[in-house]
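Structures for review follow.
Next, two complexes with chain A in common: one pairs it with chain B, the other with chain C.
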Partner chain A sequence: MSEVFVAERDVVIPGEKLADGMDFLPGENTYRDNSGIYSRVLGIVGLSGRVLKITPLAGPYVPRIGDRIIAKVFDITMSGWRVDTNTAYSALLNVRDATTRFIKKEEDLTQIIAIGEYVVVNITNVTSQNLIDVSMRGPDLCKVEGGRIMSINSMKVPRVIGKAGSMIQLLKEKTGCDITVGQNGLIWVRGTAEGEYKAERAIKFIEAKSHLDGLTERVQALLN
Partner chain B sequence: MIIINTETIKGLAKDGKRMDLRGMLEYRSPISIDLDISFTAEGSAKVTMGDTVVIAGVKLSIEKTYGDTPDEGGITVNAELLPLSSSEYESGPPGIKAVELARVIDRGIRESKAIDLKKLCVKPGEKAWFITVDIISINDAGNLFDAAGLAALAALRTARFPVVDEKGVIDYKHKTDVKIPIVKEPLPVTVYKVNGQLMVDLTVAEEKAAESRLTVGCDAHGVISALQKGGTTPLSAVEIGHILDIAIEKSSFLRGVLDKFVKA
Partner chain C sequence: MAYTQRLDGRKIDELRPMDAKAGVIPNAVGSAYFKIGNTLAYAAVYGPREIFPRFLANPKKGILRCHYGMMPFSGAGERVRPGGSRRSQEISMVIAAALEPVVDLSAFPNAVVDVYIDLPQTDAGTRCAAICAASIALADAGIPMRDMVSAVAMGQVDGTIVADLNYGEESYPAVVSDIPIAMIANTKEITLLQMDGEITKKDLMAALEMAKVATQKIYELQKKALKERFIRE
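On to the complex of A and B.
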């Protein structure tokens, strides 16, 4: 007989036995050992029919093609900038992906983006060796100017955005700030000093309480 | 990855504002002190100042006296910045920041003659008590100087001498009621200059945006015993005057916190 040991939204730790028997299937972040299904990460259980999956509570950001991230420039090369993506690997931003303007060969690249500045970029390519290419050409992609950057656990990014962007919409409305969320956990908030602080506090609150029910209502209460 | 918002911090500082909406001369709250966190130390304290957490421990031992001060004991201060407390710190020998932290705290206590070292003497020219204060950062969220100074003094206040038998062997498992002879209580206050404005209790990001700083050690009567200047830009005489006024005012605030948590 098959048996399940956990309930929906339970917090589990790596190696914890979730279910026993062949009637259940291992989903994301779980594995099967003999007849048991075990968790691979620290996270929250999701039960959909016979499939068990875990939504991780913590973990590193893994770069994916198409993700919008916020990165920090730490080096300038002949043909572009090296940026820190808040992962184990740095990325390359080529000159031709950074601006639509024609850049002369002898032009000083620090005049365009200096070391230490942040950029909002899209990941265009990730090789098997984890060489990352990013691009600043596209809607809403730009150099970070003004406002403040904050960092959260990248696993909480979906919570900050919310279902169909509901949470981020709430934050923008209540604080009057413009908010850009990078998939790597860096968030750019810009508005008045008071609004930025309010938004920062709310985002930290979401990060801390993301596993609780009724998160949107709680955030609403915090912002009012 | 430490997030720095230098331009924003500088821009706000110009208008007398801060990222977390604190006043320029306002400490993070709550500040709390936990005592006797280590059972092997003779005295220990943990200071929590916002997100910054620092612990300090006091060890007492009987050593041979120094040749030039045969009737005095001694004090040494060590600081260790754990790699776990900030992504900037590495394990290994102490770096420049750890050395500076230890020296600033040491100077505050030593130069104010805070401890009556003559009372630590057991047998002139032969044996005396020596105090070792160890400061360890648990989480560096800025303003380690002030937090460490507070922790060191709290640990010294709570320290009790261990039992010594007739042969002079120390029994560290049992403590007497004898306190360390503290005569003055110097507390360091670090005032930073950011974009021409003075502020206290900075976060890490704010420290990165600061141009210069002055750590002032002063006792309950406002007597200044130690100074330490840091940063790249100079401070004018007028600015130093302002800084000293701020430091004396803020040290009495920190002293209030110390008195609240630790009995003198």
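On to the complex of A and C.
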């Protein structure tokens, strides 16, 4: 007989038994050992039909193709820039992916993007060894100018954005700031000094309380 | 004269009072504190991050690196010299080996996860306390893990098998054996087994059986510490 030991939205730790029996299937961040299904990370249980999955509460950012991230330039190479992606791996931004303008061979690349500056980029390729290629070609991809950069745990990014962007919309409305969220946990906030401060405080609040229900209402109360 | 009454009045299979908390160091990716009797361990996890020196990198999977240290003022006796020693290097190595079977770093080739463990106060059983704290801290950091690791020292003092020796028992003037044991919570697989002193095979097997019960108690505490962070209001 199959039985399940946890309920939807329960917090589980690594190795905790979620279910027993073949009627259930191991989903994301779980594994099967004999007939039991166990959690692989600290996270929240999600039950969809027969599939058990865990949404992690913490953990490192894993780069994926198509993700928009914010990265910091730390080196310049022959053909482009090396950027720090806030993971264990740096990424390469090629010159032709950074600008549409013709670049002469001897041109000084720091004139386009200098070391220490941030860029909003898209991940175009990730290899098995986590070598990352990024591109600045696309809508809303640009060099970071003005405002401030803040960093949160990348697992909390979906909560900052909210369902269909509801949370980020609320933050933008209430603070009057423009906010760009990178999937790697870096956030670019720009607006008035007061607005930026309010937005930063609200984002930190979301990060700390992300496991609670009714977060949008709580943030609304905080910002009013 | 056999050892019938324990120095601190505990039952033979009773552990010292324990306490654990996750997320005690905000700067770290994950952290924990674990206290058993007068032994106190703090663990902080950083990474996965780039590894230095580079030649240590493994292109197939990430590396788990532990750094164990007793603080200069931690012992009951003389000052412990800060920095690494032969002893701390060995213990760092066995802690990493004890945690490695559960930690899955295959998604992080060429990277490293650093675990820093420091003990502000020690009264025997430091490597076990360190493993318990490190296990909580790794889970708190969101590192993929098959299971938790719980550790405790078993031992035999003058013919009596006891759990969780303190320093008084470890240095008891008779035949004493001190056996730190780490076990994976679900399967009770042994990931660390060391020994000082001497013990018969039969007694060792009895001690291992006792360790299963003792590590289960520690596991329950570790679980509680991790879940306490996310209580719904």
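Keep in mind that, in the parts below, the second predicted complex is superposed on the first by the 224 of 224 C-alpha atoms of A that agree within 3 Å, B and C clash if a C-alpha of one lies under 4 Å from a C-alpha of the other, contacts with A are read in each partner's own complex, and residues count from 1 in each chain.
The working rule: contacts are C-beta pairs under 8 Å (C-beta built on N, C-alpha and C of every residue); 3 or more make two chains touch, one makes a residue touch a chain.
Just so it is clear, the structure is predicted and the values come from calculations on it, not from any experiment.
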**Study point:** chain B versus chain C as contact partner of A:Lys72, first or second or both or neither
**Key:** first
Practice item. Please determine whether it is chain B or chain C that touches the greater number of chain A residues. Key: C
Exercise for review: Mind working out whether A:Met155 is in touch with chain B, chain C, both or neither, as first, second, both or neither?
Suggested key: second
Check your understanding: Once the shared chain is lined up, is A:Ile179 touching chain B (first), chain C (second), both, or neither of them?
Key -> neither
Practice item. Please indicate which partner A:Leu212 is in contact with in the superposed arrangement: first for chain B, second for chain C, both, or neither. Key: second
Exercise for review: Indicate the residue numbers of chain A shared between its chain B interface and its chain C interface, in ascending order.
Suggested key: none
**Study point:** Complex contact set, residues of chain A against chain C
**Key:** 11, 13-17, 29, 31, 33, 38, 40-43, 56-60, 62, 87-90, 128-130, 155, 211-213
Study note, to complete from the structure: Within the complex, chain A is touched by chain B residues 1, 3-8, 12, 17, 19-21
Study note, to complete from the structure: As the complex stands, chain A meets chain B at residues 72, 84, 86, 116, 146-151, 186, 193-194, 196-197
Review point. Which chain C residues qualify as touching chain A in the complex?
Key: 29-30, 47-50, 59, 62, 102, 104, 107-112, 139-148, 184-186, 222-223, 226-227, 230, 232-233
